[in-house]
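All chains are identified by letter, namely A, B and C, in their written order; residue positions are counted from 1 within each chain.
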């Protein structure tokens, strides 16, 4: 097992507001990690900063690379396709990915597309929210990298699609790769997680082994997560 | 890391498709205009050329605007900025592809203008010769016309590049600057920021251009060609400075639109 | 069978239990090959690492025998499976016993009730 991600003394402000402070985090390879926190806690920001589309102070190392452009070659982040007009055919977007990412595995994409029932002859405008999300996830998982960042992949998705997506994550996750899944609703993914990382009060509140929480505290992950907030209000 | 070749292919394809759409509209517009003149009974040998030339200006402007919108959007979207490629390469490829797309439109326009001119070519040559006979040497000869055309083309190339580097600088400065503005009323704040940035950038660029012109005047007030080359080089230096500044902004301050 | 996890109990333990039960009930026979880790992970909807952990525990307990390059096999040692069965019965009885004891039933009463229950239940099933 090796270190896939190392974040040291990261600070980030946006529009005069501190979003993340003194973040330190190390993730090992081969894990599925839940990134938990309330809406607006900074989960998306942390992911954006890791990929390099947002800039923070501090050091970020992904698979040994610190330089932004090189780092981008080791991280696959969900791109919500805002750059493409609604009339764009999915085929064209797949082609875009295939051209632009040397690590894009078209066979894996085709398998995922079949498994998730994605019709790539459609236009972007013809997709429901759930189908678009599936398409984005298929694209994201089809790159062969060390670190995958899935930002709220189940947002607004029905339970059947959710199951499909969870299964595709289990099925297609490369053995040594680490997947970070952010979510503000824990219970839907808790059985899937090796570890959880909670962002609270602009920093990493805790980083724990999921089964260790169950073993030591006899709590389910959701209760544990909620207990962090109760403790917070007691102290105030 | 993504190679220049692959990145180029993607950006070129995108812009090429866009300008081809513009050109398609151009052809339709010319056809409709000619038909209209035909119906009105004003059709002459000259009509094709007149219609094509008058549309060509509008089309060039439209193509420029479309390319510019795409050009700027590329800096701020995850789909592009997640690509593992260095910022300098990113910037240069974007500029190069925009330029090629626009040059392509210019060349196509030139060709259709020339083609429609041939319909009535003899008449234009006759009137040109007539003018020469009447006004003598005050009317330029063919050599001078060609060199005037080439220098015009060079000026146009340089001005387009300068326009894009300036627009990008304004856009990126504003995006970077908005990170330091308060959350409240972010729309109004962004608008004001744009106004301020545009004002400052235009003032600074204007000042630099003046500097270029004055200094080249000092160096070479005797030789026209030499002065022209210095102007052009001076403009390109201004562009290069803007580009360098933009790349710095991209690498440190400019963030993409958050889509989630 | 679809496994529904109780999120209060470590997932690897639940997977281990699930597999143990399949072996005891004979759904997976002694000497049979287990599906690959990833297949099992998909089957129970859990993480590959968690499944691996459950399997490691079972290997430690010798219920599963790994064969290099071929995968995991259920032990052919029927004795061991028998022990596993006894352990499971033990666990279930311990649970019932403790709960009934908490309700102040005596040992004799518990036995009587249980015999009666099995008799009725048997009649019901026939």
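By definition in this document, a contact is a pair of C-beta atoms (placed from the backbone, for glycine too) under 8 Å apart; a residue touches a chain by one contact, two chains touch by 3 or more.
Model, not experiment: these values are computed from the prediction.
Enquirer: A-C or A-B: which has the larger count of contacting C-beta pairs?
Expert: Result of the comparison of A-C and A-B: A-B.
Enquirer: Please flag the chain sitting at the greatest distance from chain C, going by CA centroids.
Expert: Relative to chain C, the chain whose C-alpha centre sits farthest away is B.
Enquirer: If you average the Cα atoms of each chain, whose average lands nearest the overall Cα average?
Expert: Closest chain centre to the overall C-alpha centroid: A.
Enquirer: Roughly how far is chain B from chain C, centre to centre by C-alpha average, rounded to an integer in Å?
Expert: That gives a centre separation of 74 Å.
Enquirer: Counting only Cα atoms for the centres, state how far chain A is from chain C in Å.
Expert: The mean C-alpha positions of chain A and chain C differ by 35 Å.
Enquirer: Could you put a whole-Å number on the gap between the CA centroids of chain A and chain B?
Expert: Whole-Å distance between the two chain centres: 40.
Enquirer: Could you list which residues of chain A touch at least two other chains?
Expert: Residues of chain A never touch two or more of the other chains.
Enquirer: Find every residue in chain B that makes contact with two or more other chains and list them.
Expert: Not one residue in chain B touches at least two other chains.
Enquirer: Mind pulling up the chain A residues that touch chain C in the complex?
Expert: 30-32, 163, 166-167, 170-171, 173, 175, 187, 190-194, 210-211, 214-215, 218-223
Enquirer: What residues of chain A sit close enough to touch chain B in their complex?
Expert: 14-17, 44, 48, 51-55, 68-73, 77-84, 96, 99-102, 151-152, 155
Enquirer: Applying the document's contact rule, which stretches of chain C touch chain A when the two form their complex?
Expert: 5-13, 38, 41-42, 45-50, 53
Enquirer: Okay, in this complex, where on chain B does chain A touch?
Expert: Interface residues on the chain B side: 1-3, 6-7, 9-10, 73-74, 77-87, 178-183, 186, 251-253, 255-260.
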